[in-house]
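Below you'll find a set of structures to go through.
Both complexes below contain subunit A, partnered by subunit B and then by subunit C.
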Partner chain A sequence: MIRVNNVRAGYGDGPDILQGIDLTASGGEIVTILGPNGCGKSTLLKCIAGFVRPRGGAVEMEGRDVSAVAVHDKVKHHRMGFVPQTDNVFSTLTVADNVLLGARHLPVPERNERYAELMAQYPSLASKQERKASALSGGERQILSLARALISTPKVLLLDEPSAGLSPLMMHEVFAAIAAIRDRTGMCIVMVEQNAFEALSVADRAYVLSLGKVAIEGRAADLLADPAMRHLYLGGEPPPAEPHPRLAAVS
Partner chain B sequence: MVQFVVDVLIRAVDLALIAIGLSSVYSLIRFPNVALVQYATTGALLALCLQMAGLPLVVAAIAACALVGIIAVVLNVIVFERLLRAGSAIAMIGSLALSMMFSAIFLVTAGPRPKRFELEINPPLRFLGARLTEHQLMSVGISALAIIVFALILFRTDLGRCMRATATNSVLASATGIDTRKVTNTVVFLSGVMAALGGIGLSVKGEMSAQLGLDMLLPVFAAAILGGLGNALGAAVGAVVIAAAETMVTNVNFGPLFGASVLFIPAAYATAASFLLLVVVLLIKPYGLFVSEVKRV
Partner chain C sequence: MFEFLIHVSIMACLYGLLSLSLNLQVGFAGLVNFGQVILFGCGTYGAAIAFSHQLGPVAGIALGIVFAVVVAAAFARLGRNLGADYWGIATLAVAEVLRILANNEAWLTGGAQGVSGIPLLFGDKPRPMGPLMTLGLCVALLIAAWWLCQRLTTSRYGLALKLMREEPQLAASLGYDLAVLKTQTLMVAAVLAAASGFVFAHYITFVGPDQLVSSETFLIWAMVIIGGSGNHLGAIVGAILMQFLFAFVPFVKDALGLPSEYVAAMRLTLVGGGLLVFLMWRTQGLIPERIGGKQNG
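Moving on, here comes the complex of A and B:
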């Protein structure tokens, strides 16, 4: 579904933030991208979405090179949904307008049907359809942002730190909603997350970045069980005497 | 009193058209385009030329508005998009330079003498004791209609939702599938059309000169800032407030307040009065009157 081949990227005249990244993500799986601050997680997601154009390498969606395709074209023609980390709702618009904006390119009957389905799935939004999005709580905004991205039934969903700024309870709800989306729709979900423990708990596979390169990749369950990984990213017990060579590179 | 209201409306609608354009464009590309007031002069000048070429005034005005809209988009694409990459301040200075170039072109092509549209002169109409000419009535009606149509586009159409979404958060708008560049250029086109309509309206009611745009610059900015820069309908209200202040200065007899039969403030103080009002309002509400109500556009 998504293939990132040896991508290099950065901002303006600055150095490469991403230094040759390879990543794949298929339908029906959640792939999470982890790593310390400044490692290039969000840049990689922006590169896949189209906000940052790769300086080298390629981003493919369903076998097509989409490295140079604009974000709005990816949303419309490649069925991509994107949920930014912050400012993820149109605060001056109503909840209904926020959701319906995501389905502008759909025929009206399909748009209305999808809207009704989403309101049934997310009752917390249904009761506030005519309220301004600025009146919602952080968790409700995150759900609204997900609903806006989901109304066009994307094949690929990109999430930039969906748990940012949420309470532990709300965070749990949001991750449960993300897992439910994968199970229900078979969507390909790529998620950047700081909260490694929660992210690995719902993800199928994970990539750990360090200094713009992939340091570790593997099944989420394996990484979650790895003592070295737990020590480095999950605040767990100390690592074994001789950590895995790739983990040693990250540390 | 009725005459005062009529005079305020006559002044306000043209100011409002240009101020709405200025505020709408600001909300999307975050710089106040000084050249917008020259689009008003361009519209008036083009309409005048087309009328002189034999077109009826209404057809000439429609064609001029459309042409100015296109000029606005072309300038946005080839000048302002590039300048904006260097920052809003650079783009604003560029728009000021462009405005001066427009002034020079107007002086060369139209000359320094004021010009008038060819219009039939009819006796003024009377409405509840107030007097206004047929042309004033028509101009106010068309301008008011244009403002209503703009408001309907903004709040009742898909384009309006896209405009408000892009103004609120352009990155999120792109991620929602909105072609923000196309939306911005549509708003730039509409702002050009409205500025041209404002310029034609002003010229129909009085005369057209190469200085028309520069004369409008300060009141239009005052109206847009007063309404909360970036809030289009706030700009319309700001225009009414500025027009009321200017009309108060020029039309109201202050004689009875000071024991004299007649005491009018010289018209030269009109702009000063509107700016005094602007300063007082901004001291109380630093971001304008309506910025918290409808954050942008």
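Moving on, here comes the complex of A and C:
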């Protein structure tokens, strides 16, 4: 579904933030991108979405090179959904209007049908659909952001730190909703996260970036069980006497 | 006095059109256009060139609209490569370049002398019937423009414009083509400004490059900011208020016993002072933008 081949990218005339990244993500799986601040996680996601154009390498969606395709074209022609990091739910609009912002390109009957489906899936939104979004809790606002991206039935969903600023309880609710989307739709989900433990708990595979390169990749369950990984990213017990050489490089 | 009031009302309506045009750009789409006056100039020079070549007023308005749409397209093209603030500066630069061109290409524009003798739209009707008919036309144009802007901005299209203004990255990620939205907005705004310029040229009967100085752009900005950016009614109220204040400056000057050269300075002070006061203490203007609410269509 998504293939990132040896991508290099940066901003303006600055140095490469991404220094030859390879990544794949298929339908029906959640791939999470982890790593310390400044390692290039969000840049990689923006590169896949099209906000940042790669300086080298290629981004492919369904086997087609989309490195130079604009974001809105990816949304329309490659059925991509993107949920940005910042809270950009419009408090002064109703919940319904916020969700329908994502449905501009759908014919009205399809739009109404999709909206009804989403309200059935997210009862917390349905009960407040005519109220201003300011009445929503942090977790509900994030669910609303997801619903806004989902109304156009994307095949690929890119999430930039969906748990940012949420309490642990709400975070759990949001990750459960993301896992449910994968299970229900078979969508390809790529998610950048700071909360490694929660992200690995719902993800199928993970990439850990360090200084613009992939330091570790593997099945999420394996990484979650890895003592060295737990020590470095999850605040767990100390690493074994001889950590994995790539983990040593990351630390 | 009656004819003076008609004159001020006509000018208020024409500035109201320009104010609506700028408000559509900056108040709804977030397009910081500092070259607004040149869109108005396209209308005035459309009328002037059509008159010089004896093509008639229909050709004049058509020319004005074509010029304005071309300039709007050029502005939009510039916006693809520039950030919002740099784009604002670029529009100011383009407007100045076009004003200098109008000042120097005498074979087409009449140069610094401009084009005079442009006929009144309603011929030589006896006073005050002629000016009254012009006022009627201006009021009708203003109402039509307000209706158009209202229709546009209360639809989902208007919501898309506000989304682009507030969260451009989010708008793109929801499938909105920002370049197309900007181009469409600029073109609609350009047509409104050109219509204002066309009527102005046929009312004043003279077109010259001095009408296109950048201070005119900032006067329109002051009208929008004082009236209320993001609110069509606010933009119109700002234009009417400023125009009437401007008209009564000479009376104030006489009352205070000041020399005549103070009039221009007092008007500039009104623009600058008004801008400053509203930017510091009432950023939402006299009639604030209506946030949220039901959308049509």
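By definition in this document, the second predicted complex is superposed on the first by the 247 of 251 C-alpha atoms of A that agree within 3 Å, B and C clash if a C-alpha of one lies under 4 Å from a C-alpha of the other, contacts with A are read in each partner's own complex, and residues count from 1 in each chain.
By our rule, contacts are C-beta pairs under 8 Å (C-beta built on N, C-alpha and C of every residue); 3 or more make two chains touch, one makes a residue touch a chain.
Just so we're clear, the structure is a prediction, and the values are computed from it rather than from any experiment.
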Combined model on subunit A where subunit B meets subunit C, clash or fit: clash
First, second, both or neither for A:Met229, with subunit B first and subunit C second: neither
Which superposed partner A:Leu200 touches (first subunit B, second subunit C, both, neither): neither
Which of subunit B and subunit C A:Asp87 touches, first, second, both or neither: first
Subunit A positions touched by subunit B in one structure and by subunit C in the second: 49, 51, 70-72, 75-76, 82-84, 88, 90, 92-93, 97, 100-102, 104-105, 148-149, 152
Subunit A-facing residues of subunit B, complex: 158, 161-162, 164-165, 167-169, 171-180, 294-296
Interfacial residue positions of subunit A with respect to subunit C in the complex: 49, 51, 70-73, 75-76, 81-84, 88, 90, 92-94, 97, 100-102, 104-105, 132, 148-149, 152
Complex interface listing, subunit C residues touching subunit A: 156, 159-160, 163, 166-167, 169-170, 172-178, 291-292, 295
Subunit A to subunit B touching residues, read off their complex: 49, 51, 70-72, 75-76, 82-84, 87-93, 97, 100-102, 104-105, 148-149, 152
